[in-house]
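The next part holds the structures, each set out as structure tokens.
What follows is a pair of complexes built around chain A, which joins chain B in one and chain C in the other.
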Partner chain A sequence: MSIEVQSVRKTFGDFTALRDVSFQVPKGELVALLGPSGSGKTTLLRIIAGLEAADHGSVLFHGEDATDRSVRDRQVGFVFQHYALFRHMSVFENIAFGLRVRPRKLRPSEQEIHTRVHALLKLVQLDWLADRYPPQLSGGQRQRVALARALAVQPQVLLLDEPFGALDAKVRKELRRWLRRLHDEMHITSVFVTHDQEEALEVADRVVIMNEGGVEQIGTPGEVYDHPATPFVYHFLGNVNLFHGRIHEGRARIGEIEIEAPEHADARDIPAVGYVRPHDIEVTRHRNGTAAIEATVSYIHLIGPLVHIELTGCDSGNLIEVALSKDRYQEMKFQEGERVFITPRNLRVFAQGSQAGAGEGLAKA
Partner chain B sequence: MQEQGTEEEQAALVLGANGWQTFFRVTLPNIKWGLLYGVILCNARAMGEFGAVSVVSGHIRGQTNTLPLYVEILYNEYSFAAAFAVASLLALLALVTLVAKSVVEWKSQQQLLADERASVKESV
Partner chain C sequence: MLTNNHISGALALAPLREQVLKRAEPGSRVVVNLSGVQKLSGLDAAALLRLVIEGKEKGIEVRFSGLSAEARQAFTGLDASLLEHAATPTESLSPIEEVGEQTLDLLATARRLLEMIGEITYWFFIAPWHGKGVKWERTGEQIVKIGLDGVPIVSFLSFLIGAVLALNAASQLRQFGASIYIANLVGVSMTREMAPLLTAIIAAGRSGSAITAELGTMVVSEEIDAMRTMALSPGRFLLLPRVLALLCAVPCLTVLSNLAGIFGGYWVGVIVLGLGSRNYLQQTSQALLISDLVTGMVKSTMFALLIGLVSCYRGFYVHGGAEGVGTNTTASVVTSIVLCILADAVFTTIFFYFD
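Presenting the complex of A and B:
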């Protein structure tokens, strides 16, 4: 079942949690709502579930308006951040709850409940824990019980609120791969909330990036990482270097480097900021005929698959971070204190102060 | 109840339970020991009531009377044997209540500890 959110607005007193948020989740997709804390992502999820009412706007399930449908009738599965398992019930009873509370006519027989719960327990690989109580389980086990409980009612939509937030790093990694596999098997339309960019980019089919109650960008993990639409997305997804310059009539000038910025054609000498990812910077010893920025190597960090080099810009004094492959580093053997020239391979210019004034330009290197 | 939060109730609602089912299957089991403890304390207080009943309800024998007041009436009528018998009964009831209170207290303490352990586990 597809989900559509149309210009949903929500305020708590003076605080605007969501301002006219719209997006669509096609049937069978796994979508991540990604944003820093306080960006309204959990509120949005709760509005989709029906646990919270929007002040304005509507939520559509399968093209039908579900805004006024109650939580019970929405047929959603919801996994809470702290799982909210019924602590006085065994794991078996927790999972069976959704089936047992059905009206008598729709309630499956005891036999059927038994087979269904055990099938679900097998699915989450916990069939040996059926008689335990929630306080006796580990975090990862509780998480999987919560998921099985949500799936027991055969929901059309699965909503997960920070599903891995309360787990330690190792369990988290395992569980998110497992969730991905589970989704690929079941193809149930799912939305999950996270503040962990790595998690969102690894697990989701599409990512909705939120900030201060609004949507910044929607796209596949590749799109949002490689082509951020706003400065916020640049900052939020991975490291980025900033270069200050000016734009004038569709051309941006940053130090010696001049690039096309056609979407700023009517700009008249306004301040601008160029954004470059650390791995999109070329470092050379000599100026090979192209415009470059001069910098000094201040620190070399050799741990991990990439070599991270910190440079100080000679004009600006800004810190510039560069990531090089180990091979390239071995070839060049940069030393601390050395003078080098850098040219950005993929530079994107935004007019300063404008969040929305997005534009792209490739450095002529 | 405030400490327990409303997440479990919300979970029950999402799973399709109605208000009554949520109350009887989720809320009540979670608060039952606390509730029972309250009932026992309240009962103990009611058994020993003297002044308010004496002044307000007029202590009519067999209708609006409490055990302590009955002891007083019997004593004033010089039926000492009956008065002491009722007083002993009252003392016995007090002991029963005390035992019940201790049992429930121990039970709810156990539940609190289990909850605490669970939340500590969660936060680790």
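Presenting the complex of A and C:
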């Protein structure tokens, strides 16, 4: 079942949690709502589930307006960040609960409940824990039980609110791969909320990036990472270097470097900021004909698969971060304190006016 | 956005200062969102103001948004003109606005309470006609918890109160040679007054608090939301069984309390004062009227309903995590007892004039 959210707005007192958010989830896709805390993503998920009512706008399920449908009629499965298992019931009872409480006519027979619950337990690889109680399980196990419980009622839509947020890094990685595989088997339309960009980029078919109650960008993980639409997305997805310059009639000038900026064709000498990812910077010892920015190597980190070099721009005094492959570093053998020239391979320019998100990014990190 | 609950000392402010001053470009404007900050010390406030001044020197406009009224208080005594510049104005309420705010709060509470009562009423009176019966099994579980498990403490305390009433009365009545009227006094005051009230106070303390804590924990851990997504109504599965159980168990406990209290008086009268067993019982049965018993039971039922509504409401509208469960549980017991005694006063006055 497809989901469509149309200009949903929600305020809590003076605080605007969502401002006219719209997006679509095609049938069978796994979509991530990604954003920093306070960006309204959980509120949005709760509105989709019907646990919260929007002030304005509508939610469509399968093309039909479901805004006024109550939670019980929406047939959603919801997985909560802190599991929300019924702690006085065994794992088996937790999963069977949604079936047991159905009106007599719709209730499956005891035999059928039994087979269904065991099938679900097998699916989440926990069939040996049926008789345990939630407090006796680990976090990862509890979350899998919660998922089985959400799936037991055969929902049309699966909604997950920071499902791995309370787990440690290793379990988290395992579980998210497992969730992806599960989704590939079942193809149930799913929306999950996360503030972990790595998680969203790895698991989701599509990512909706949110900030301050609005949508910044929607796209596949590749699109949003390689072509961020706004400065906020640049800041939010990984590290980024900022270079200051000016835009004039469709051309941006940053130090010596000049590039085309066709989207700013009518700009008249306005301040601009160029964004470059650390691994998109070329470092050379000599100025080989092309325009480059002069910088001094101030620090070299050798830990991990990449070599991280911190440079200081000679003109601006700004900190520049560069990621090099180990091979390239071995080849060049830079020294701290050395003068080098850098050329950005992939530079994206935004006018300073569109900087609203950048200040926030600064105060956030 | 700064999301820590506390900015404490230089620890959290130093990185903020560094980020703002080193990385923001001159001529730009940085908005620091402080809406997540609940408390600020005077030192923090001073440091924030210094950041504004330092920013100004570098040509960066630093602004703060979302300062709570409480956090703003930290700025008292500091240069107010800077604060006006620094913070987006947050309203401090005038007395009239305060009254308005309070009234709106009260109305919102009343609305939620009425909604809850409506829901409970629906699940009891209307839904059973549509094949969605009352969950008797769950009600039974609650009756056991509230009623059966409360039997020892209710009977013990009622016995003591009965005995104490008798002893107090004895010292007075003995002067007139009217000791036998102890039986009247204990019998009437237990059935009309003491037993319903005592039972209500015990039920509020034992069961009301338990209900609030249990429901509150379920709200905080999102169990109630989980039930909703499974198409279950919390009103039918959680609220109605608890209110029904209280309505059933508390009057029963009151009957028990009556018997135990009268027995306490009897014990004092017969064993301590030597009044004669037969005499005492005869006197009691003469003194007690059906109306006394009925009055007591009416009161008791009323108290049970009050405790049920208060404890369910407090549990269902918990705010602020585990801490909120604690404060609401306390509030639930206090509100229940206050309301019960108020209702008692009203009832007694009404019975006094119309009996």
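The working rule: the second predicted complex is superposed on the first by the 354 of 365 C-alpha atoms of A that agree within 3 Å, B and C clash if a C-alpha of one lies under 4 Å from a C-alpha of the other, contacts with A are read in each partner's own complex, and residues count from 1 in each chain.
In the analysis below, contacts are C-beta pairs under 8 Å (C-beta built on N, C-alpha and C of every residue); 3 or more make two chains touch, one makes a residue touch a chain.
Predicted model only: the values in this text are computed from it and were never measured.
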Contacts of A:Ala53 with chain B and chain C, given as first, second, both or neither: neither
Per-residue contact with chain A, leading partner among chain C and chain B: C
First, second, both or neither for A:Ala166, with chain B first and chain C second: first
Chain B versus chain C as contact partner of A:Ala119, first or second or both or neither: neither
Which of chain B and chain C A:Pro134 touches, first, second, both or neither: first
Which of chain B and chain C A:Gln352 touches, first, second, both or neither: second
Chain B versus chain C as contact partner of A:Ala265, first or second or both or neither: neither
Partner chain(s) touched by A:Phe15 [first = chain B, second = chain C, both, neither]: second
Touched partner set for A:Leu302, first chain B, second chain C, both or neither: neither
Chain B and chain C contact sites that coincide on chain A, given as residue numbers: 49, 51, 71-72, 76-78, 80, 82, 84-86, 97-98, 101-102, 149-150, 153
Chain C residues touching chain A - in the complex, by the definition given at the top: 1-3, 16, 19-20, 23-25, 27-33, 35-36, 131-132, 221-223, 225-226, 228-233, 237
Chain A to chain B touching residues, read off their complex: 49, 51, 71-72, 76-78, 80, 82, 84-88, 97-98, 101-102, 134-135, 138-139, 142, 149-150, 152-153, 166
Touching residues on chain A, where the partner in the complex is chain C: 15, 36-38, 46, 49, 51, 71-73, 76-78, 80-86, 97-98, 101-104, 149-150, 153, 242, 244, 271, 273, 352, 355, 358-360, 362-365
Chain A partner contacts - residues on chain B that touch it in the complex: 7-8, 10-18, 21, 25-26, 29-30, 114-115, 117-118, 121-123
